[in-house]
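Across the two complexes that follow, subunit A remains constant while its partner is subunit B and subsequently subunit C.
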Partner chain A sequence: MKQITIIAFIAGFAALLPLAIGENPYFIGVLISVLMMAALSSAWNILGGYAGQYSFGHAAYFGAGAYTTMILISRFNINPLVSMVAGIIVACIIALITGSIVFRLRGHYFGLASIAVAEIVRLSALNFDFTGGAQGILLSDVSLWGLDLNSKLPFYYGMLLVLVITLGITLNLRKSKTGYYLQAIREDQDAAASLGINLSFYKNKALLISAALTSVLGSLYAVYIRFIDTTAVLDLRLSIEIILTAIIGGVGTLWGPVLGAVLLVPLAEMLRSNVLGDVLVKQGIVSENSGLGVFLKENLAHAHVLVYGIITVLCILYMPKGILGLFRRKK
Partner chain B sequence: MIQHLLHINHVSKHFGGNVAVSDISFSVDEKQIFGLIGPNGAGKTTLFNCISGFYPVTSGDIIFDNKTINNLRPDEVCHMGMARTWQRVKPLGSLTVLENVMIGAFSITSATREAEEIAIEQLGPVGLTDYAQKTAGSLSIGLKKKLELARVLATHPKMLLLDEICGGLNHTETETILGIIREVRNKGATIIFIEHDMKAVTAICDWIVVLNSGEKLAEGTPEEITENPEVIAAYLGGGHNA
Partner chain C sequence: MFFLQSLLSGILTGGVYALAGIGMSLVFGVMNISNFAHGDLMMLGMYLAYFAFTLLHIDPYLSLLLIIPTAFLFGFILEKVFIHKIIDHPHQNQILLTIGLGLIMSNTALLAFTSDPKILTTSYSSSAVHILGGISLSVPLLLSFAITTVITGILFLFLSKTTTGLALWATSQNREAAQLMGINVAKMSAIAFGLGTALAATAGALIAPTYYIYPMAGHTFLLKAFTICVLGGLGSVIGAGIGGIIIGIVESMSSTYLSSDWKDVVVFIIFLAVLLLRPQGLLGKKGEQ
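Moving on to the complex of A and B:
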């Protein structure tokens, strides 16, 4: 089956999913998180997976979209879609400044610089007044085309649309000159340059595409939650979750990041809401009043970062190409 | 004045206080097969890196196709019609053989279909057609060398810089490669050839420049070079047995 058919099929399935499970806000909320992480990780994958340039600071572009949108809507009452476009522009400016300086260098400099830039953006947002400082920005009311933005559904379909667009771009890129050039850069930069590839131009191109998509997701997220602060949208933890999702699913593959998100986000959610602990107790595997039961009840909710870490270590040891890599035919 | 395709004019390259290439001058004519030989550490690959844009020269000029190319990036040099191979092969390991060659072809076309056609054309002569869908990293060293050649030929270069393209190959493989090089020249390309294998060099080159310790030791026809006492001393008597 052609990949484009698979994308259409899965998108269609996802579009009908809310009808099937009814308007349970909790489940829709989890699904929105899955779609968002799948899209974020896929956008990161264009730069990290295909061009081999690992960004550890994608939160900067997510935050740029989120903050720009929130400031424009809450202070100037600007249309959310226009604010989203403004967010893309801000994210691209940050990306261009970073890329044009750092992509001249080889090696790990881009990874290091991406963390530095993300921290600069975070600290700026924390300390400037117009970004709301440590208090963040709260959005009391927002409207677009008469949609019910108090419902989660518009955001579910918004995230789904961005995910489909991201996958479409990736698919199109893979079989194009740019996509091949990015993979050549990932494999060997000297060979790439000697075959006529302008290294910094193509790295910047990948970064811009990736940053623009990430910022759109930031804008969507901000309007969905209606509250942002630096911990929510600019934290290093977010950048790392994006990378881990891609690594565990399969870096440099079309479906790896999606698979990673489908597995990891619900897992994290289950740990966070202590579903796992409750199940263990209800099944009678662990007694609620035993030492272990009390321990699990108190601590399992905080363990999702630990579980991420363990899964990552296992992944790197036993399947360095991610879960999808296990199923790929060896040529 | 005779039209030279490439003119190396008093080129030097220093790394700190270390002189790798010192005041080298020579010219390469169109459709020539030009040999660049010398013992290990003579500066051949350094000179290649300067010509192909990977190292900036310390002094001197490199003129290709009537343009000074000293300050061009490697990709710009490639787009002017000069392509190089690497002594230590650089396959794009996780891509297929066909995709490797397509990436070369993308320097003359932006259409994927067309790049694929050009790439398939290049695989035949080097004998890689059967390996088209294998990953480049899985090939043997001999096949990787052939892949290097196919990849640069797909850029349709005016000038080819081949850095020990026959190194590590057996006699039959070397003959195949030399045959391809002759054919490429007959189609109008110019070739500079770095090689250790004196037999291969004298068999194929029209003109040879000998480097030793970063300096030009001699130049001439293969017959002149093989009879030159200084060259014989450098290769056999200087403790740098090639």
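Moving on to the complex of A and C:
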């Protein structure tokens, strides 16, 4: 089956899913998180997976979209879609500045510089007044074409649409000249340059595509949650979660980031909402009133990052190409 | 007067930063690995000093005698169990593995010690020495600067006079050539990582009396340590020492003349400027980027 058919098939399935499970806000909420992380990680994958440029600062683009949108809507009452486009422009400007500084560097330096840029963006949002500082920005009311934005469904379909577009771009990229150039750059920069590939042009192109998609997701997220602060949308932890999702699924594959999100987001959600602890208690594995039971109840909700850490270490040591990498044909 | 005050406190704080930077640079030089767990190792050092003080009633500066060997052993084991397996991997995998290890450390600390910041208050925590009529220097900062100087001195003697030290130096110059000369580079890596960990933990213990102790404290210091290393030239131990002092001064000056909210931004802008203008760092060799 062609990849594009699979994308269409899965998208169709995802589109019908809310009808099947009904309007359960909790499940729809988890599914929105899955779709968002899948799309974020896929967008990162265009730069990290195909061009081999590991950005450790993608939260900057997510935050650029989220903040621009929220400021324009809450202060100037501008149409959400127009604000989203403005977010893309801001994210692309940050990306161009980042790219012009960091793409001349290689190896360790690129990752470090991408973190530095993201931290400058985060600290600026924290210290300026127009970004709401440490309080963040709260959005009381928003409307678009009479859509019910209090419902979660518009955001579910919005995230799904961005995911499908991202996968479509990735698929198209793999078969295009740009895609081959990017993979050549990933495999050997010097060889690619000696063949006449303009390294910085193609790296910047991949970064811009990736940043624009990431910023759209940031805008969607901001209007969906209606509250943003630097911890939610600009933290280094977000950048790292985006990478981990791709790594665990399989970097540089079309479906790896999606698979990573499908596995990791529900796991994190289960830990956060204490489902796992409850199951352990109900199965009689851990007694509710024992020391361990109380400890799990109080602490398991904070443990999802710890679990991410453990999974990352195991993944890098034993399965560096991710889950999909295990099934790939050996060259 | 403000200027002098700010300059001197900058130099004192910078000394501790230098220690953290030297640890990271040593690991980078010998192993060619960017250690993203470095900040979290510092955080562990802070907690070690805190618990040595509250539980065992050992002065934080005296507790270094316990912390340094413990941290060295911990780093040595970390290298033997995890890091050495990825020493030939692409650098992004090395970064991710150390990020993973760092997440495990900081979140285990979060589970064990909760996110409430702890404060280590010694009898001399808020005392200060006054010199030149108006300049006050905090006693804990003076003590930690003195200890930093001693430790850096010992480290240099070790690196330049002992066989192991010279072998480390050689490995950082050229790993393959060192191996051909009969140096056990695997052992050197473990020693370098142990030393790096010990230096990080020492820096953590030294700032513990003047800083909030919390599980995510490492985050800020990680980025600072990287800035210091890049400023000095990745892998250059002397460069990291100078870089640390410079960053200390920059921070202190920007707090005085700008605002303490923006001091980290200034540090990161310097970081990017160095990458842009002199990616090999102040003391690095050309063509290493």
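Convention: the second predicted complex is superposed on the first by the 331 of 331 C-alpha atoms of A that agree within 3 Å, B and C clash if a C-alpha of one lies under 4 Å from a C-alpha of the other, contacts with A are read in each partner's own complex, and residues count from 1 in each chain.
Simple rule for what comes next: a residue touches a chain if its C-beta (ideal position, glycine included) is under 8 Å from a C-beta of that chain, and two chains touch if they have at least 3 such contacts.
This structure is a prediction, so every number in the text was calculated from the model and none was measured.
Asker: Check whether subunit B or subunit C contacts more residues of subunit A in the superposed model.
Answerer: Between subunit B and subunit C, the winner on subunit A residue contacts is C.
Asker: With the two complexes superposed on chain A, say which partner A:197 touches: subunit B (first), subunit C (second), both, or neither.
Answerer: Touch partner of A:197: subunit B, not subunit C.
Asker: Could you say whether A:175 touches subunit B, subunit C, both of them, or neither, answering first, second, both or neither?
Answerer: First partner only.
Asker: Once the shared chain is lined up, is A:12 touching subunit B (first), subunit C (second), both, or neither of them?
Answerer: It touches nothing on subunit B or subunit C.
Asker: After superposition on the shared chain, which partner residues are touched by A:317: those of subunit B (first), subunit C (second), both, or neither?
Answerer: Touch partner of A:317: subunit C, not subunit B.
Asker: Could you tell me if A:25 is touching subunit B, subunit C, both of them or neither one (first, second, both, neither)?
Answerer: neither
Asker: Thinking of the overlay built on chain A, is A:127 touched by subunit B (first), by subunit C (second), by both, or by neither?
Answerer: It touches subunit C, and subunit B stays clear.
Asker: Which residues of subunit B touch subunit A once you look at their complex with the stated criterion?
Answerer: Against subunit A, subunit B makes touches at 52-54, 73-76, 78-79, 83-84, 86, 90-96, 99, 102-104, 106-107, 110-112, 115, 133-135, 138, 151-152, 155.
Asker: For a test of understanding, state which residues of subunit A touch subunit B in their complex under the given definition.
Answerer: 175-177, 180-181, 183-184, 187-188, 190-199, 331
Asker: Quick one: which bits of subunit A touch subunit C in the complex? Just the residue numbers, please.
Answerer: Subunit A residues touching subunit C: 48, 54, 56, 101-102, 104-109, 111-113, 115-117, 119-120, 123-124, 126-127, 236, 240, 243-244, 247, 299, 302-303, 305-306, 308-313, 315-317, 320.
Asker: Which of the residues in subunit C end up touching subunit A in this complex?
Answerer: Touch list, subunit C to subunit A: 28, 34, 82, 85-86, 89, 91-93, 95-97, 99-104, 107-108, 110-111, 219, 223, 226-227, 230, 234, 259, 261-262, 264-265, 268-269, 271-272, 275-276, 279, 289.
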